[in-house]
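Shared between the two complexes below is chain A, which has chain B as its partner in the first and chain C in the second.
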Partner chain A sequence: MRVRVRERRATSPSAGVGASETTAPVLTRLGRAARVYWILASASLRGKMQYRLDFLGSTLIQTIMGADTILFIGAVLWRFGPVMGWSITDIAMLYAVSRMGMGIYMLFCNELDRFEIYMVNGDFDTLLIRPWPTLFTLLARGVGIDRLAFLAQGMAVAALAGPRLAATGAIRGWDIVWLLAAVAWSALLYFAVGLATAAVGFWIVRIEELQVFTMNAPSTATAYPLDIYPSWLRRVFVTLLPLGLGSYVPLRFILDKGGTALDLLWPALACPAAVWAALGLWKTGEAHYASTGT
Partner chain B sequence: MRAAVRQWRVLAGKGFVQNLQYSASHIVNTIASVVFGLIYIYLWRAVTPESGFGVYSSYLIVQYICVNQTTAWFTQFGMKIRHRIAQSVRTGRIAVELARPVDFFCYRMAFEYGAQVYSFVFRGLPVGVGLSFFAPLHLPASAMTWLGALASLAIGAYIGIALGYLVGISSFWTNEIRTLSWVLFSLAMFLGGLSMPLEVLPRPLELLAKASPFAHMSYYPARIYLELSEPGPILAAGLAWAAILTVAARHITSRARRRLEVQGG
Partner chain C sequence: MSGVGAAPAVVADGLRKVYRVAVRKPGLWGSVRQVVAGETRDVIAVDGVSFGISQGEFVGYIGPNGAGKSTTVKMLTGILHPTSGCVEVNGLSPARARQRVAQEIGVVFGQRTQLWWDLPTIDSFEILAAMYDVGPIDYKRFMGEFTDLLGLGEFLDTPVRRLSLGQRMRADIAAALIHSPRVLFLDEPTIGLDVMAKAQVRDFLTRVNRDHGVTILLTTHDMRDIEELCERVMVINHGKLMFDGDLESLIASAGLPTTMRLRLSRMAPGLVAGQTLWGTLGETSGRTPGNALEDSLCAITAVDYSAKSVDLAFDRRKTSAAQVLWAARELGEVRDVTLAEAGMEETVKWLLVQ
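Entry: the complex of A and B
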């Protein structure tokens, strides 16, 4: 069964059929989208919060047990001291920024992360009959409250490392704003890479293994200063799999590890471009979608 | 006895063959695994002092990482036994599986073992070959070393699958096994010594890790392969852990059997 997405778009309310819709102010439409998002997201939240104690317990355990990467870094640096000029608090902040970016992505884009299920089971069909863009409906239907552990880990590590860096003068004044911006860039880059990976699912259906390559590997790699890698691998993590662009690049300047003030500007230019490219890939993939049937 | 062995062989064969369907996606995963291996190789090259630490020279520690990134595909990675059992419980298919004239524990263990042999041959070894372009792999000259390392790996895989089985069987009591899976994964990564020799840890944690079953999944097989440890005592300890986990898994399975309640018909 091949679903003709383009034709469906042309007749869907979201594409703006009636005269009132086409003339409606942009703000009104955004407000309506926000309301619909809230309704769908809160329904998803209510469903997940049916077992509150289970939710709290599992989040707490996941936060503690999932900190194996930072424990590994801690153990190594405790034994050998700073690596390439990066102390344990510097690397902790790098980890925290990357982890918080990932946490925001997981919170709002959880369904992208489990998009393979939609492709394999043919569940994407149900999104096509909704009167809203499929990506919007997809993101709204599953807020990743049960994956809050990533954000909690990042915030906990930032809360530990931040005051120490401030005490040594490594971060001061506006640096906090740039750090928050780095979290936002990281989240946007996770979204762009996650969206592009999910979009590839329109062609190859199974994307779980691809996610390991495009998301998990760069996510692990960028928890460490990219200075430890050879230049070709460093370039991969700031261009082809660009998660390092949101965290490492601005942080090396903020923490005085090299670079120039332009390091704060590159993510601001690259992140919107990456999201735009990923959205383009998603739209192209959606037009090629062939249901597996149910 | 012969029938039981044949049963194991057939089930393991099925587990092996089933995975052949996903060779394309496994190639992508292999590339990702090589990247993971490179991350740790370069990290260790950056942090290890020129004189090394303990018995580990800079060369040996890179070899340790390469060996583990290869063999983890047998003992840890790609294991789906937890999800297979949880899925069976969720869908009610478990009733059919328990009604089969095959021991449920043996059935699940043998099937997963076959899948892990596939995983090692078609995913682990290519990762080792890929990493050898960046850090030429050490190949032991002694046949005894090879035998000891393979035996240790076989026991490590059994321990890994049995631990996964225990997490999977918990789905008889709770629908949500994700948290337990996380706990198991984190413990195996951290206490198993996948990405670092356990000597890096603070002394009390090092001793705890070495005494745990997780160390048999990465640390000990790599030590034997790199000729840093004698196989005998390690294999004995590994077998003891395998026996303990088997008894525990069988006991819990019999309790789960009594608890089973299938809705619908």
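Entry: the complex of A and C
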């Protein structure tokens, strides 16, 4: 596939080489951003497709890895019954919401996950010399289509658990909207935590271990009801390492496991605030970027 | 060249960059102590560098490895923020208005490609055209002109990862010019290239500067690049600017001797390096040829009886080649003469040693 260069009118002769000054763009800056995003994203997909076996292999492995976790947890719950008041279908829905949030993050923010490479190799230089925000270019150049398995797993589990919960009356009417909102909050929190962790890389360069601590471990832990953890750890997962705030907190109220209606409001306030704070950290970190020697 | 005398294209004023680095101690225990104690030290990469580059100038920026060249270029292009001092490119601060500056500059890093590694070369051009909002007419004109000049046609459909270094560099330079930048920063664009590829890149850069008036700042370790391309050169060492001026002044300021190589059919006996000539053959001065020249016509710098050759060094400001040749009759029967002026390489080496 080739990129099509958009038709525009030239107004003045070129002062330099090749291109010339042009009329005011027909599309707004947002429209241009969408187009550039699409071009960069499709280039990244075409790049990945060059290594077909690796692409298919990694997609397959991630699908299998996720599926075996589901089967294991399912088998345990089947054998031992409800945990702290959460039935197997309740847990499946929480798992599904958490995985869909993570899946959306992995799909659109895959490069944050592998940001260490940009710091270690100095590849971040190439983002800074382009006339676009670095975060925009970074995300657009690495769409995680091979990570689609996470989103697919979440959707599959939700498709299994949803009708059962509806049949027992555990979810009804507006609850579906709140569940979708929980997916969005969850994805936003993944983005905020992933972005903040990556931004720390501007100072410490190597962030792989930090990612395990802020992303990987909390991601696994918060895919299940936080009631199984001691209260101090529960608080950690909704404040300092807040991935539980987007999924567990609203679902606890939706599925009638406790909490109040305010549990639907907190994520709506906290998630955008977390993203805002993470963007601030990113901006500050960018000025501290030290590049690498040649 | 065009537009010299207009508002400066690039200004650096008291530019300084200090890196804070961890103090590494040897061994595992040293690493543990470093992690726990967090001891750091400051490394001054660029130390109060000031210069201005006029529109349309072609300036060489040279110095040894680690002198601060790349750090300066990275501050000029908005990659690094200066610790102190001020940078302006076309009147804008790269640190504060990075995206606007990026639209007006082109950057090439010889050691790091900016093309999409796994895609055909032409895809990179098309992606960049979209990123810089280059219209189809301009894009077509760019491709028409640059495909010929840089010989891109032969590998446009080849993935970047399969290009030779020379092809990749040509593609990188073309990619940096796709949006008609007014200023071009080139960080070692000829590194690792063979003689033919270097010549092609130099020819192209000359055209870009001369025909399109693009201001160019070039860092390189190849003094031929500087000699062939730049009318002005800046030398940096240990983060400080040591020289800023034209090539002639740089070479003249060094005052390095001219070398005359004589091939003789018969050689006088007893010639040794270090002897001086002042009409008559003198004793060995025991001093370096440069100093020996102060009180003599010329000095012998090398003698080879088997090849029957003698090298003489002399200062053009004090004497002429004809005078030296006349005096050289004492050395034997001269069969052939070649002259070699001190080049940029020797001059810069001399400057850095000073």
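Keep in mind that, in the parts below, the second predicted complex is superposed on the first by the 250 of 294 C-alpha atoms of A that agree within 3 Å, B and C clash if a C-alpha of one lies under 4 Å from a C-alpha of the other, contacts with A are read in each partner's own complex, and residues count from 1 in each chain.
The working rule: a contact is a pair of C-beta atoms (placed from the backbone, for glycine too) under 8 Å apart; a residue touches a chain by one contact, two chains touch by 3 or more.
These figures come from a predicted structure and were not determined experimentally.
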Next on the checklist: Quick one: is A:Ser219 in contact with chain B, with chain C, with both, or with neither? Answer first, second, both or neither.
Outcome noted: neither
Checklist entry - With the two structures laid over each other on chain A, which partner does A:Ser186 touch: chain B (first), chain C (second), both, or neither? => result neither
Checklist entry - After lining up the shared chain so the two structures overlap, which partner does A:Ser98 touch, if you call chain B first and chain C second: first, second, both or neither? => result neither
Checklist entry - With the two structures laid over each other on chain A, which partner does A:Ser87 touch: chain B (first), chain C (second), both, or neither? => result neither
Next on the checklist: According to the stated criteria, A:Gln153 is in contact with first (chain B), second (chain C), both, or neither; which is it?
Outcome noted: neither
Next on the checklist: Looking at A:Gly122 after the superposition, I want to know if it touches chain B, chain C, both of them or none. Which is it: first, second, both, neither?
Outcome noted: second
Next on the checklist: Quick check for you: in the superposed arrangement, does A:Gln50 touch first (chain B), second (chain C), both or neither?
Outcome noted: second
Checklist entry - If you stack the two complexes on chain A, which partner ends up touching A:Ser291: first (chain B), second (chain C), both, or neither? => result second
Checklist outcome for this item: Chosen between chain B and chain C, the partner touching more chain A residues is C
Item to check | Set of chain A residues, in rising order, touched by both chain B and chain C | outcome: none
Checklist outcome for this item: Per the touch rule, the chain A residues reaching chain C in their complex are 2-3, 5-10, 14-20, 22, 25, 32, 35-36, 39-40, 43, 46-48, 50-51, 122-123, 125-126, 128-133, 287-291, 293-294
Checklist outcome for this item: Note: in the complex, chain B contacts chain A through residues 22, 25-26, 28-29, 31-33, 35-36, 38-39, 42-43, 45-49, 53, 176, 178-179, 182-183, 186-187, 189-190, 195-196, 200-202
Item to check | chain A-touching residues of chain C, taken from the complex the two chains share | outcome: 19, 66, 70, 74, 77-81, 95, 98-100, 102-103, 105, 107, 109, 111-112, 114, 116-119, 122-123, 126-127, 129-139, 141-142, 145-146, 159, 177-182, 187-188, 208, 212-214
Item to check | For the chain A and chain B complex, residues of the former touching the latter | outcome: 54, 57-58, 61-62, 65-68, 71-72, 75-80, 83-84, 146, 206, 208-210, 212-213, 216-217, 220-221, 224, 227-230, 233
